[in-house]
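One chain, chain A, links the two complexes that follow: it is found with chain B in the first and with chain C in the second.
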Partner chain A sequence: MSRIKFSRKWLALPYGIFMILFVIIPLLLILAYAFTDVDGHFTLENLTGFFGSASNINTILVSFIIGALNTVICLLLGYPVAYFLAHRDMKMPTAIVLLFIMPMWINFVLRTAATRDLLYWMGLNGGAHPYLCTMIGMVYNYLPFVILPLYTTMTKLDYSQIEASSDLGARPWQTFVKIVLPMSAPGIVSAATMVFMPTMSSYVISDVMGERKLSLIGNSIQLYFDQGLWHMGSIVAVIMLLLIAFGMVATKNVQKEENVRGNMW
Partner chain B sequence: MESRASPVGVQGAIFCFGVMNVEKENVIIELVGVTNRYNDTVAVDNFNFYVKKGEFVSFLGPSGCGKTTTLRMIAGFEHPTEGKILLNGKDIADLPPYERPVNTVFQKYALFPHLDVYDNVAFGLKLKRIPYETTDRDGNKVTKYRKLTKKEISKKVTEALKIVDLEEFEWRDITTLSGGQQQRIAIARAIVNEPQILLLDEPLGALDLKMRKEMQIELKEMHRKLGITFIYVTHDQEEALTMSDTIVVMKDGQIQQIGTPEDIYNEPKNAFVADFIGESNLYEGTYMGNRKVRFLNHIFDCVDDFPANEKVNVVVRPEDVKFAEVGKGMIDGVLTEKVFKGIHYEYTMMVGRNEVTIQSTRSMETGVPVSVNIAPDLIHIMKKTIVSNVYDDAYIDNDNRVIIAGGAFDCDVTQLVPGSSLDEEGYVIAPDGKKYDFKDADVLVDVSLSDIEIIDNEEDGVVCGKIVSMIYLGNHYQVLIRTEDDEDFVADTEYTWNEFDRVSVRIPAEKIRMTLRGEVSKYVKD
Partner chain C sequence: MVKQTTRILARVFVGIMLLIMYAPILLLMVFSFTEAKVIGSWTGFSLDLYPDLFRNTEIVTAVVNTVVVALSSAAVSTVLGTVGAIGIHYSGRRMKTALEGVSQIPIMNAEIVTALSLTILFVYFGVRFNFLTLLIGHVVLTLPFVVLSINPKLQQMDPNIYEAALDLGARPAHALRRIILPEIMPGIFSGFLLSVTLSLDDYIITAFTRDTSFATLSTYVYGVTSKKGTLPPTLRALTTLIFLVALLLLILMNLRGKKREEGTR
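Up next is the complex of A and B:
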């Protein structure tokens, strides 16, 4: 008889160790780097220095705008797609959803480079139109993340509620605004969080598509790290972390209420 | 059109000849030749009936009978493939739901979870535009439309909530309400719009028995107070009997009977209605003529009139079988079962091989002989609907088998020529030496109900199908098997099957009676 009683919680041990090694310690390291100088003394200079620079503020603003724009465009494109896919008369919806999801299976770097070349071939030069090309790359990459949660929410819409709305005198557009849209709100929020935050922090897409002509938060972290400015890079990482945490809290209420799956956070 | 659309209803049967037009004025909705087909299945087949203003009408029938489809066509969620739906004399068959002055109470309530009780009930009112007269700059009278004011809406919502007894619930979240409360809100949401017709699609189906009984009474009361026409869909015969002014009994997309609850209970038109409405003893009998009918091995006096020697179905309600002094009743039998049902006992009496269900308040011993009487006016006789299976589109194939309902059945082709025999090549040789080839010959096939064998295993029979109905006739079941091609086999069987069972059908070759269509000389082979 073994004296150590086996408990199911030991099964979590490998992951626990992994978490400590690769999540908690690095996070603490980032925090430590963010608030120390080269000699290891505590300082707020990194923070004040970051906000003191106009180009850094500009980077955050551009990241925010690109993130917001990408979210809006993806929602505008993805919502009708998900709506029609989830319609009960739709034949083979899974096959078509798959078609939208499939690009996600192709290697991300390859896919982005291919998109750039495709645009170049079509006459859109990343160097000449960095913002436009970056936006196209972003939308292309994040559209599946919008369609999937929206589709999941919409397949769960109760068709009888739509009929009830029509029965009570609502024209199709009124039913859409008053019933379909509010009821798919959790899916919209979920989709938005899946697009907005990763867009803000992405750097490969802006790097490749914009030919390094524009700088998002992710690009500025990379730039600092490349130059060996670990402390500055860390403070940017902390700021981004706070931004994401803030976004999470802001959308949490909607999430909890409707309990929708499909959020990867 | 007027005569074709003549109502099948009892009220119609009474009035339609004399005071048709007077009667028509009170009609709020009328279905004329309404058919609904989905792919190849006919959900609703040529419905003709009307509903009078203020009436409480129930569509009653088992699942798949077309009752919900009919309701949905009136609501506008589905459109008839053929026919007209006349609302106040105007065809609304193609109007979308939002343009119809009818409202629906849905089976699963279909309340809007993102709105509170008040906003759910106010939903229709907020969309409503009411006409008002005004004079424009030139002094002409014009009709304009305006929204209801907040105050008007609030007043109506409060009133509606009062009717369903939930005044205090205005600001509650839908998800915090019980099933019964949600049902009331769904009713309030519909009646607040003052529809001309309120459609109710099995609204009490999700409630428990006690709640259902209470709501039945409340709905009836609401109907009385509001004066709105109610069309109520249910599969619960008791519910329909309790609440309705008129019941439309449906089965398989066809109207079986329209009438008041009393009519339908006391004078069912066919065995299906008798079996579906209330409990009943159903038998096959023979009308002897002269107001006498024979069933249960006894000749009873009765009040109905039929041609002599006609095969009939007989219905006797369990409460109409009365115990008599032993040996002095009309029929004798033995009680085999006794179940206490609260206000009465339910007995099963065996008369030979036939079962008789009896309801009585008297407590009797089981296992002893008893005698019972049935009063002549409580014996209800109906025309027997199906006497045998007849297929008029059957034909003979290459191998001298007959094709019925898509299946190739072995049969005896020599019956087509009296005294003939088969040669080794499969030709029919007549006694006079003539040779016949019956390949592709069209025949009329007739098979008795008792000659159709039902087989559990789908592979063992010739044709597969689904059991769509089963009626107990005292000592055997009459089972209706429908194939995928919509062909029916009606079989008498002593075994119990279940509705919706998939079974296959076999017919012994010698039991298939065939008549050649057309001249036999056509098939002579030289």
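Up next is the complex of A and C:
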């Protein structure tokens, strides 16, 4: 009985090794880099240096505001679209949802540059209006990510409850606020998580649309990368990681729509 | 009567949203049929941008590189992810939780943090940036999504069939290939497609992990937009072609979906 019995769990081994090598160790390295100097000695100077600069504080504030604004605008625009597609007997609703997602199949940078060209053509210049143009670019990019989870939740809503509510004399807006909105909360939460953090950490859209006139957290990481300042880049990355972890803990107990990106196919 | 009006209003709203979403792409498509240097000044109908596009070796190389990276990283991710997903499914509870948790990291993490962490890993170990580092970057990006696509199929599977095959004398490798693989094939397929789309669309990880002489479509477009402002005319033709391919895929998928629906009836 010396033969090792084949067990299917060993198949996870190559996957586990890959994830340790290229996900866990790199993250540990970022942590180590964030709190060491070029000579490898422990230091808090990266941290104090980052928060000591007013422009970095500004970057974090701007990222928060743009991230929050983008989330709200995308939800305000995407929610009715998803609701109408799910509940106003449209023809071929899934095909229309796919149409909303299809721009994502055009290369991201090309798509963003096309949006900038459209704004140029309409007389809106990113150099003169960096914040407005960046916001428009963000909404263009993240709207499909909102419509998809919202639509999935809406199609699962228990329609009899909505009918019961109006049969019992609730006005349409009461039905909406008391029944539809709470029932679609999982979709709203996953849509918001799909938009808020990625907006804060993106740098391509703000670069292309805002013509490098404004800086988000993503831009400052990219800038340190360009200059080869790994230790400073790492401290910003750690701050970003903390924000993401905070967001995950905050929404931990809320039911979410699973695997929103994977639903594309 | 009221219902009729809200239905029309709902359709108009969805229609307008679609029009706004597609405005940048439609504008580029219209102006791909004129040689005008800038969008807005129509200089007569011409198809010359299309042969120009194929004569531009820089763009053609970038497109070919993009496809090569997407297909090879998706292939690696699909193999590693399929084997990994089977392994995770049959792991003990603790190992399963750990591996599933690790899989969530690249999904939840900001892409720029993943990109920076990989860069630091390669810099720390003195690895020169080349095709392999880029490939690893894209595998990290796509691998968790493959596992996520396959996981539900494994859970739906009847666990007794595999045992039955072993009882009937099949060796484990044989049973895996003939019993489990066919059962989870749809998940493998959608995981592969999702990997390809994620990789085709990627800019950030590509920019951080590539050898700077290796251009993909994303890095090429980013390079020219940051230099010149509006997109060069040939890229209008390229956008049109990419859009048409995406539209064709969408129609094919829709037809396939319809056929499958009819088949189950």
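Note that the second predicted complex is superposed on the first by the 252 of 265 C-alpha atoms of A that agree within 3 Å, B and C clash if a C-alpha of one lies under 4 Å from a C-alpha of the other, contacts with A are read in each partner's own complex, and residues count from 1 in each chain.
FYI, a contact is a pair of C-beta atoms (placed from the backbone, for glycine too) under 8 Å apart; a residue touches a chain by one contact, two chains touch by 3 or more.
Here the structure is a predicted model, which is why all the values come from computation and not from measurement.
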Fit or clash - chain C, chain B, common chain A: fit
Partner chain(s) touched by A:180 [first = chain B, second = chain C, both, neither]: neither
Chain B versus chain C as contact partner of A:248, first or second or both or neither: second
Three-chain overlay, vertex chain A: chain B-chain C angle, C-alpha, nearest 10 degrees: 80
Touching partner for A:171 - first (chain B), second (chain C), both, neither: first
Touched partner set for A:95, first chain B, second chain C, both or neither: second
Contacts of A:161 with chain B and chain C, given as first, second, both or neither: first
Touching partner for A:124 - first (chain B), second (chain C), both, neither: neither
First (chain B), second (chain C), both or neither touched by A:207: second
Touched partner set for A:80, first chain B, second chain C, both or neither: second
More chain A residues in contact [chain B versus chain C]: C
Minimum distance between Cα atoms of chain B and chain C in the superposition (Å): 10
Chain A residues contacted in one complex by chain B, in the other by chain C: none
Residue ranges of chain A in contact with chain C within the complex: 6-16, 18-20, 22-27, 29-30, 33, 77, 80-81, 84-85, 88-90, 94-96, 98-100, 102-111, 113-118, 120-121, 140, 143, 197-198, 200-204, 207-208, 218, 221-222, 225, 230, 233-234, 237, 240-241, 244, 248, 259, 261-262, 264-265
Touch list for chain C against partner chain A, complex: 6-7, 10-11, 13-14, 17-18, 21-25, 27-28, 39-40, 66, 80-81, 83-92, 95, 99, 102-103, 105-114, 116-121, 123-124, 136, 139-140, 143, 145, 147-149, 172, 176, 190, 193-194, 197, 200-204, 208, 217-218, 221-222, 225-226, 229-231, 235, 238-239, 242-243, 246-247, 249-250, 253-254, 257
Contact footprint of chain B on chain A as seen in their complex: 158, 160-161, 163-171, 174, 178-179, 182-183, 185
Chain A-touching residues of chain B, taken from the complex the two chains share: 75-77, 96-98, 102-104, 106-108, 110-114, 123-124, 127-128, 189-190, 193
